[in-house]
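Heads up, there are several structures right after this.
Each of the next two complexes has chain A plus one other chain: chain B in the first, chain C in the second.
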Partner chain A sequence: MTLLAFARGPALQAAVLIMIAGICWRLAGIFLLRRRKRFALPRASVTGRIGGAFTTILTRFVPRRTFWPRIAVSVMLSGVFHIGLLIILLGGAPHIQVIHQVTGLTWPNLPKGLIVIVSGLTLASMIGLLIRRVLNPVLRLLSTVDDYLSWLLVFLPVLSGVLLSGETIGGYGTLLALHILSVELLMIWLPFGKLMHMLLVFAGRGAMGIDFARKGAAT
Partner chain B sequence: MMHHKETLGTMLARCGFGRRGLLKFAIAMTSSLALPPSVAPVMAANLAKAKRRSVIWLSFQECTGCLETLLRSSSPTIDQLIFDFISLDYQESLMAAAGSAAEQTLREAMAANKGEYLLAIDGSIPVKDGGVYSLTGGRSNLSMLEEVAADAKAVLAIGTCAAYGGIPKAYPNPTGAVGVEDLVSNKPIVNIPGCPPVPEVLSGVLVHFISFGRLPELDDRKRPLAYFGTTIHDQCYRRPFYDQGKFAKSFDDDGARQGWCLFELGCKGPVTHNACASLKWNGGTSFPIEAGHGCIGCSEPDFWDAGGFYTSLAGGSATGWKSAGIAAAVGLAGGAAAALSTRIATPLEDAPASPPEKTPPEKTPPDKLP
Partner chain C sequence: MSPDAVPPQPKAPPSPANGPDAVQVTKAWHAFISDIGPTAALALESCVHCGRCAEACQYYVQTGDPRYTPIHKIEPFKQAYERRSGPFAFAYRLLGMAPKVTAEELETWQELIYDSCNMCGRCSLICPMGIDIASLVEQARHGMFDAGLVPPDYLGAIAEKEHASGSPFGLTIPQFHDLLHDIGRKHGVVMHVDEAKADIVPTLSSIDVKTYPASIAATAKLLNHMGASWTFRTDGFDADNVSLTAGDRAGQRKITLAIVQAAISCGAKIVLMPECGHSFTEMRWEAANSFGGELPFRVLQITELIAEGLTDGRIRVNKVTEAATYHDACQLSRRGGATAAPRVIMAALGLDLHEMEDAGDTNWCCGGGGGVALINRAQPLRDKAFQIKQRQVDATGMATVYTSCSGCRQTLEHGGKAANWNKTVASLLERVANNLKD
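Let's turn to the complex of A and B:
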């Protein structure tokens, strides 16, 4: 069995099953968390609970003006990274092909050259974020293996994708296999580390917004 | 009629190809074999002096497609005359002799050219159950290969079946089919994969061998590097559309009519090494992608089991819904068990002695909030 056949066959199947099981494990754990009893009465809220949830989801995209000078660089790098990743994932023809295969949905793809440029920007922003994490003493203190591993497992698919698009190092088959394998590693790690925020970030913000609304607090 | 001591130059002259024609052919062949142009005169001179080379061709577990593609020549070019020039001393499908007379021919050819003949194989070799699934004259392919390869100068594995096992080796491989290189380890082997292989590649290998007395440079899979060094995708005329991100979505949409890339329709060109896109077929007329169908990767090992022909390389054989459901159930059960065990292990928080009375929510305007 060639490396590519392994990546597209058994490895893909194993990664998908581990990811599904892991996500369900995490979600079951979260839903069955013991909730703190609320003894205070709910207060009036302008937005209501659902409104509070959506407000918090949206307002958290905009950093507080007070902190802006300190966090401007990391917010911008983070923005470039996240938006870049989204463009690559939803705009790249092979990625749309995969989504189509799983869901039946499809849409027009972006030109390959544009995806390569966005990939380059994404990689640069990721390197910038890593440098900041290493150089900032507080961030360095707060960082765990999870942070660095999660960074690496996102970086590798983007890097291998860029190499694949240019077919600069090695043959297309080898690079494609490495790209798929790197994505599979990401899928396997996704439920067990901080990458789970891909699925939980909006639910978490929403839950916090509901809580704020119940307390009558501004979001 | 060809005489045994006749040189290639004499034979070509008899067929109307003069020295200039041979030189033109040598220039084209050096280019095809990725050799420096200065080699062409040497090749032409060596070819003119070359004498017939004995070739023994054994057909094993195969469909005869490889032989057909070499025989169905469109016009008598020097390429095809090269095939005429070799002394094909044994080929069961072509030779007039049959039965014990054919076996006698094989033995005589082997004895007369011991250590010098080329052994060409098409078809895979079944090894399961002692190789009983393919026999010739009561002898297994395995036994014949061992005997004939022992005194060969080199072995040419023609077609994907001979090179890697091909379709007979596809899952579940009931006959235990393997390729030549799995069984022959002490002889130089050239793999010329393809289902069928490109005829010009075989003529290129033969010309190189006849001209220089050695095999051409091979890659890590024992394929002639000059023909298998790049992928179909690298040479494909639709490649610019791939780079522009223009893909046909079906075989009859506008993109397909405009010749856009067939990647999304399952083309395996990016991972298939062969010369189809440059040499083409039927005298350089066309090749599958030019005819509107994606490459199926027939010259790569295990191509039959490498996913569907119409499944894009971007996709894969993902798990079924049943397996996904089982994985989800296992995950939910595990997560629930872990959460409940944590609940049991963690003491409850102290509740206040008397909860406050339930009253309607206070209607305080937001601007009055603390």
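Let's turn to the complex of A and C:
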């Protein structure tokens, strides 16, 4: 079995299985905890609370104006990184092909040159985020192995993707296999570390939105 | 308390006299974990260590000390959750990875959980993941209390006394009865005390009892002006609930239920909370949970009642010719949803309001919230935190700062005194009561 066949076959199956099982287990561990009924008369109706959830999910993408002066670097780096990743994933022709094979859905891809530029910006923002994590006293204090491992497991697919698009080193098959394997590593780690925030971010913001809307408090 | 929290069982407060040991650490973990429902678990699972919460915290902003990063303040408890009850706790157990924090480290964490967190919730507004860190700190305090790790002067002098007597100053029912009538006589206000039936039952902040009795007289004057049927109840008067900020769940419940029962026994339609932030949070949002069902009365903070009265004509005030600024109490505005009420009042008074930067929902705490004002050793830190408010008030150019929280009022006065600050800090309630139309 070639490396590419391994990456596309058993490795992919294992990664998908671990990722799905891990996500289910982690979500069950959170949401099956006993929930206590809240009896205080809410300020907002049920509709208002649901509205609070969606409002919070959306508004937390952009911090309140008053916070900007102190967190602008963090917001900009993280914004470039997340938006960049999204553009690469949804705009790159090979990724659209994979999505089409799995779901049947398709859409026009972005030019390869643009994706390469976005990839470069994404990698640069990630390096910026890593430097901040190492140098900033607050981030250094908070950081754990998970932070660095998660960073690496996102960085590798982006880097291997850039190398693959230019076929800069090695043959196409080897680079493709390495790219797929790096994504599979990310998938395997996703449920166990901070990468899970891809899903939890919506639940967390939504829960806060409901709770704060109940109190009539700003979210 | 987290909305998902399990109701506490009454028990005697632990003694903080002895240092922490392994048993106390276990108690701390257990108390914290027993509070965790889906909302808190989601919060604990979601942190991406972005550090933005530090930039919203006055203690970090004013000192630059990374230990004051809000999410870091609950780190030992976060570890306890992950390694003892989280979805992957079994893996930690298999690998023999118990929480790393020792009893001594937990003792040093006391400063982070009590002295340097006013539970103002500003960090909760900046968190991109939607983590309500202030609620997690409150839960961590439950653990610290159960482990006997509350700052000694705080627990010994105040919370313990409240737990035992129902009043943080150990005020007995006869003493309270006499005190109310003394205040009534001194201020020329008719007091209603322990009447069998009443529509409104006002409660008190012990800070008012001790320092601002004019506020108690103002409450009575206002209710008399409204022609309301009202009465203070000596069997349920202390709204302060120091136990809440100390982390004493049983004490918190005891104080709250005393007020609930007193109000029910006289058929109250409204329980009126004084100019006090945390007491409003407790009675408005937690009391029903302690009671075990919807309360048979409304809970209103005094500014909400005044705003309602001004709107429907039950309260009539003379216009003033005064310019001032207003300090929002975090628990009333950002955490309590009552940001608009004081502004309705100030507009009705015709007060020329000069808002501070960040006024309203993103305001900065006075520096003494969450019980920080009650910890003597925290004064240097508290004074540093106060400097933010000092700068913001100075920037408005106003000589008077109104507020609707006695705790904030006292902290601002103390901070101002330490900084030789020439501002007047005043009660909005008293301003209204002294300006009622005959």
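Simple rule for what comes next: the second predicted complex is superposed on the first by the 212 of 219 C-alpha atoms of A that agree within 3 Å, B and C clash if a C-alpha of one lies under 4 Å from a C-alpha of the other, contacts with A are read in each partner's own complex, and residues count from 1 in each chain.
FYI, a contact is a pair of C-beta atoms (placed from the backbone, for glycine too) under 8 Å apart; a residue touches a chain by one contact, two chains touch by 3 or more.
Every value quoted in this text rests on a predicted model; they were computed, and no experiment measured them.
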Original post:
After superposition on the shared chain, which partner residues are touched by A:216: those of chain B (first), chain C (second), both, or neither?
Top reply: both
**OP:** Identify the partner contact of A:36: answer first if only chain B is touched, second if only chain C is, both if each is, neither if none is.
**Re:** both
Original post:
Touching A:171, do we find chain B (first), chain C (second), both, or neither?
Top reply: first
Original post:
Is A:23 in contact with chain B, with chain C, with both, or with neither (first, second, both, neither)?
Top reply: first
**OP:** Under the contact definition given at the top, report the residues of chain A touching chain B in one complex and chain C in the other.
**Re:** 25-26, 28-29, 31-34, 36, 39, 41, 43, 216-218
Original post:
What residues of chain A sit close enough to touch chain B in their complex?
Top reply: 1-2, 4-5, 7-9, 12-13, 16-18, 20-29, 31-34, 36-37, 39, 41-46, 93-95, 97-98, 101-102, 106, 109-113, 115, 171-173, 176, 180, 216-218
Original post:
What does chain C use to touch chain A in their complex?
Top reply: 3-7, 36-39, 41-43, 45-52, 54-56, 60-61, 66-67, 69, 71-72, 86-88, 124-132, 284-289, 291-295, 298, 333-339, 357-358, 360-362
Original post:
In their shared complex, at which residues does chain B touch chain A?
Top reply: 231, 233, 242-245, 247, 249, 263-264, 270-271, 300-302, 305-307, 311-319, 323-324, 327-336, 338-340, 343, 346, 349, 351-352, 355-356, 358-359, 361-366, 369
Original post:
Residues of chain A touching chain C in their complex?
Top reply: 25-26, 28-36, 38-41, 43, 56, 60-61, 63-64, 66-67, 70-71, 74, 78, 136-144, 147, 192, 194, 196-197, 200-201, 203-209, 211, 215-219
